[in-house]
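To keep things simple, chains are lettered A, B, C and D as they appear, and every chain counts its residues starting from 1.
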Amino acid sequence: MEELLRVTNLKTHFFRPDGVVRAVDGISYTLNKGESLAIMGESGCGKSVGVMSLIQLVRKPGRIVEGQALFEGRDLLKMGKEEIRQIRGHCIAMIFQDPMTSLNPTLTIGKQITEPMLWHNYAGRQEARERAIKLLAAVGIPSPWQRFTEYPFQFSGGMKQRVMIAMALACEPRLIIADEPTTALDVTVQAQIIDLLRRMKEETGTSVLMITHDLGVAADFCDKVMVMYAGRVAEQAPMDEFVERPCHPYSRGLMNSTLDLGRLKGRLDPIPGAPPSLLNPPAGCRFHPRCSEAMAVCSEKEPELVEVGPGRKVACWTAEKEGCKN
Amino acid sequence: MAEQEAACAPHSGLSPAPAKAAGRVRGVSRWSRAWRKFKRNKLAMAGATVAIFLTIVAIFAPWIAPYPYSESHWDHAWEPPSWKFPFGTDELGRDMLSRQIWALRNALIIALMAEVVTFVVGSAIGATAGYFGGKIDNFLMRFTDIMFAFPSLLFNIVLVAALGRGLLVIFIAIGVTRWTGLARLVRGQVLALKQMEYVLAARASGATGWDIILRYLLPNAAGPIIVTLALGIPANMMVESALSLIGMGVAPPMPSWGALIATYQNAVLSYPHLLLFPAATFAITLLSFTYLGDGLSEALDPKD
Amino acid sequence: MLRSIGNRLGFIVLSLVVISALTFLLMQLAPGNFLELNVIMRPEALAGDTARIREVEAAFKARYGLDKPLWQQYLTWLKGAVVFKFGPSFKYPTSNTEELIAQGFPVSASLALAATAVAILVGLPMGIIAALRPNSWIDYLITFISMIGVVIPNYVVAVFLILLFSLWLKLLPTAGWGEWYHWIMPVLALCLAPLTSIVRYMRTSLIDTLRQDYIRTAWAKGGTERQVIFGHALRNSLIPLITVLGPQLGYLMVYSVLVERFFLVPGLGAYFASAALERDYPMLVASVTFFAAVIMVINLLVDITYRFLDPRIRYEG
Amino acid sequence: MIEPLLEVRHLKQHFKKGRARLRAVDDVSLAIPGGETLGMVGESGCGKSTVARAILRLYDPTAGEIWFDGEDLARLSGRRLREVRRKIQIVFQDPLASLPPNMTAGQIVAEPLRLQGIGTKKERREEAERLLDLVGVGREFADAFPHEFSGGQQQRIGVARALSLKPKLVVLDEPVSALDVSIQAQILNLLEQLQQEYGLTYLFIAHNLAVVERISTRVCVMYLGKLVETARTADLYQQPLHPYTRALLSAVPQITKRGSLKQRIMLEGEVPSPLNPPPGCRFSTRCRLAKERCRQEEPELREVSQGHQVACHLV
């Protein structure tokens, strides 16, 4: 398979008056053409900042400190303002979490969908209009001709997210970044949106980076998974293997905390404590204060991300010693 | 929870639980946090310092002012600033510094008393409307809207024209035209707080109306109310001086900034100090109180 | 939409009735009345001749209908007010108050409009620049200047303007009316307050808008700075700006009272101030009602424009 | 059948919204036996939170009865209501919004005791510290303020406050929805443990079906202000009868059955506005099986097997 994106040692820090928040602190991963990768983790683990860095959308006081992100062989992080602008919405499109606030309330849906096509000279005015209406129909919006001239507040939450998807697809991007695309939606609507995303992905062959904290959504949609903890990568794996056999103790903890329909068992076995402050993360492995398998070395040296199987990498001293357990 | 990562909200989401030191953990209340923030704000601290200094000067005006405000030194009329009369003298040889100190005292008394009126009327009407809602709310808010539509400066002038130029009349006049804003604010706060889950929790535990007002609504609505009142002080001073500018302020010979400015506007070319000094001291006074108020509003901003 | 405009108009009428009635009533409570101040107290006129004083008083009262019961006086006044006839002034017995208003208002209104225009032309770019470079030295400078405008009343500004232009630079006469250059200082003095409001509003509103999710969407779509800032952010901050400008215009009308006096501009303010001082009640009641009406109508127009510009309100009514 | 601790009969809670009428809860009946947990699920705007607040008498019910411990709460007011209130407590969704920012953790937990006039100040303080230990916050944090805690800790304080009056019934309104998964599991464990220790009865409201399945003895499903199905947990999850329940269950993405969403029952559209609910069965606009009858006649909730009630013409 052809490689689309290779991120190496990406570091994005926030320089705040009270100190440096290491939101993303050296993450590396690859994504192939047509693949979908789930980036998972809890609030504040850096998953959003990590992908926003790719298209240089991190706001001050945040700054990309180090790293490389090769997209079709070109480094996104080294690009100038104009160069990265031509990537955004054209080669890499985004879908955001909250469809309610992610659309401009004072512009018509039609204008907002045609904008990326006009901005990138993808199509002329008339062509763009026709394509936008086609896209609206494709994402399942009834009477697209009429809705083209309507405003976001006239759409329900699920419909807005469909519009966001249509907008992302406008210029036939090679990569779609979906940042918690269904978190703000009800379950039945969430299912509709995931289904739509899957269909669109199959039809267009685009790759997807999906950020989510919902293991169910990730397992349902993605081919690969990357688990992040406190700004670092804990584990990377093909989804099937991960679901069967999570390797990092944190991944296992997540799995044990996640309730699944029909998976009744005794006491839940959650991870104790809470994620650390990124202003001042613990020394050694960042997970060690909450880890039941921590050893002496864990509090001293930070484990490297090592390969434990085909496409599987883990950053954990136990795995380094014994490979993947259970 | 909605993911609030550093990119979206750089000031939230990452603060850890209170550090577990040996023994008890001392919490930091919102008030002490606000104070720390206020102390860091240099403009606000400067404003506060000057404002406190001016307040002390106003309180002790009879002892601080070098001369009585209406004492004439006939042989020193129209004098420019000198060691004896730092701000010069007027046509009757009265010391301009002393007159401005008394003007400050008057302005401050009127501004503060007007704020008291504003606070009492505004919070009573706003709180009643917000707490009871329904018809009472409707009626009170309609009334507030009408009063709000009244051009306040004109209403002040009419009131003073009708009731005389006494100190009492002036501050009541200013107070009764300014309460509408506070009433709306208090009503909004009460309406919002009434729906807060912690108030619902208190009601579910059997809290009565008074418990809720005294322990929940008041302490939590205090911030915005304090800010509004603080910023009302310079605003009131402006109204007071506007009134005296057109001759509807405190009666002479009691000095007032507006009257000082009005009196000497024609003398500006020959005796600029008679206009420059009052305008400057007045401006400094207004600036200091405004910086103080602005600083408070930033420090008490609940957003972070 | 039409229905709510109708409601608002009804409310304006109600407010005007309440305001005028209140002013009318207050005027009756007044301690020194026009006669005492202007006729009786002047010794050279009547020299303590009590009979003569009574005569003059009775004639005066009869002329202005003051011998009738209060409610009747008010109703008569109200009837006239509906067709913009406020009756004769005390001070200028030969002119009706509406004539004086008609003379003064255009001057005050054009001053206020000119000041607003200057404020918009200067304030908008200042606010936008400050918002685009928050916490830079230019932002601090603009914020500081605008702070001065908030706190320093226009007549104090007028003092500094006179000191600067007339005393030190000797460019302009201290006061006067009729030539183009007479406009400079009043407009400058008046425009500072609305300018400040515009700068402060524009700055906070634009900074706030730039933080919105939909702006992030626009960046992510690949918009240039011009496309995102002017096409998305500015547009959304400008719509509510008119709700800030409306009240400013009304405020300017009232506060021009102070500045006009200062520069001897023959606007409504001059009449109003002297009416208050000399207890010219018909003039006071008429001008308070008139000012209130102007302010409320401006606010109504602002509201309608706002509803028209913001699609959310336009469609939901 | 044993006498239920809480029985709600034909509860209606309507709100005026301008000229319209918002039927947030429209004729809901339910019962919870002592010591059990009733789970309540449904999508946003279905009225589940309104039911919770109505039970706590935070509203005046439009119609219906709320029998608790032999008394009809819907008819109580004043002092008697205040006394009954100590037996029912609530935990809210947003952990920070549910704690007063001007009080310390200790004060917050002691507050219900103070409001009910129980104990001296010192005793209340002692009890608050004991409760803070119990929920895993630790008494050494009694003097810290809500904003100084993490979300999970804040929610624990909320639980401690709810327990301070030793209630019989605790209404949990989406208590874990705002928390990260690892914290969610901690709180769920705590709730289960407290229920066992103190014999508490829960009304557990959530939109997460897996969480509800885990903690509930019985489950009821709400749609647009109506109860559409209720049954023992295992019955409901294994044999859902109402088309809405089925769709809801199949819409949940599952880890163990990857790609299961591909075979799910797809629901068209979204929930209609409760200001203007459709006539007949409220689900008929989105129901694939809907017949003419469904669009005209409103189905009653009826028992189809032991303890399993459904409101659908087609079952």
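The rule we apply is simple: a residue touches a chain if its C-beta (ideal position, glycine included) is under 8 Å from a C-beta of that chain, and two chains touch if they have at least 3 such contacts.
Computed from a predicted model, the values in this text were never measured in an experiment.
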Set of chains whose contacts include both subunit B and subunit A: C, D
Per Cα centroids, the chain farthest from subunit B: A
Interface with more contacting C-beta pairs, comparing B-C to A-C: B-C
Central subunit by CA centre of mass proxy: B
For subunit B paired with subunit C, centre-to-centre distance based on mean C-alpha positions, whole Å: 23
Interchain centroid distance [CA atoms averaged], subunit A/subunit C, Å: 54
Cα-centroid distance, subunit B relative to subunit D, in whole angstrom: 47
For subunit A paired with subunit D, centre-to-centre distance based on mean C-alpha positions, whole Å: 32
Sites on subunit B at which at least two other chains make contact: 1, 15-17
Subunit D residues counted as touching two or more neighbouring chains: 150, 153, 180
Subunit B residues touching subunit D - in the complex, by the definition given at the top: 1, 15-18, 20, 23-30, 196-208, 211, 215-216, 219-220
Partner subunit B, residues of subunit C touching it in the complex: 11-12, 14-15, 18-19, 23, 26-27, 29-31, 147-148, 150-153, 155-156, 159-160, 162-163, 166-167, 174, 250, 254-255, 257-258, 261-262, 272-273, 276-277, 279, 284, 287-288, 291-292, 295-296, 299
Residue ranges of subunit D in contact with subunit B within the complex: 53, 56, 58, 81-83, 85-86, 88-90, 92-94, 97-102, 104-105, 111-112, 115-116, 138, 140-145, 147-151, 153, 158, 161, 165, 178-180
Complex interface listing, subunit A residues touching subunit D: 42-43, 156-159, 186-192, 194-195, 198, 213-217, 219-221, 239-240, 243, 253-264, 267-272, 274-275
Residues of subunit D touching subunit A in the complex: 43-44, 150, 152-153, 180-186, 188-189, 192, 207-211, 213-214, 237, 247-256, 258-262, 264, 266-267, 270-271
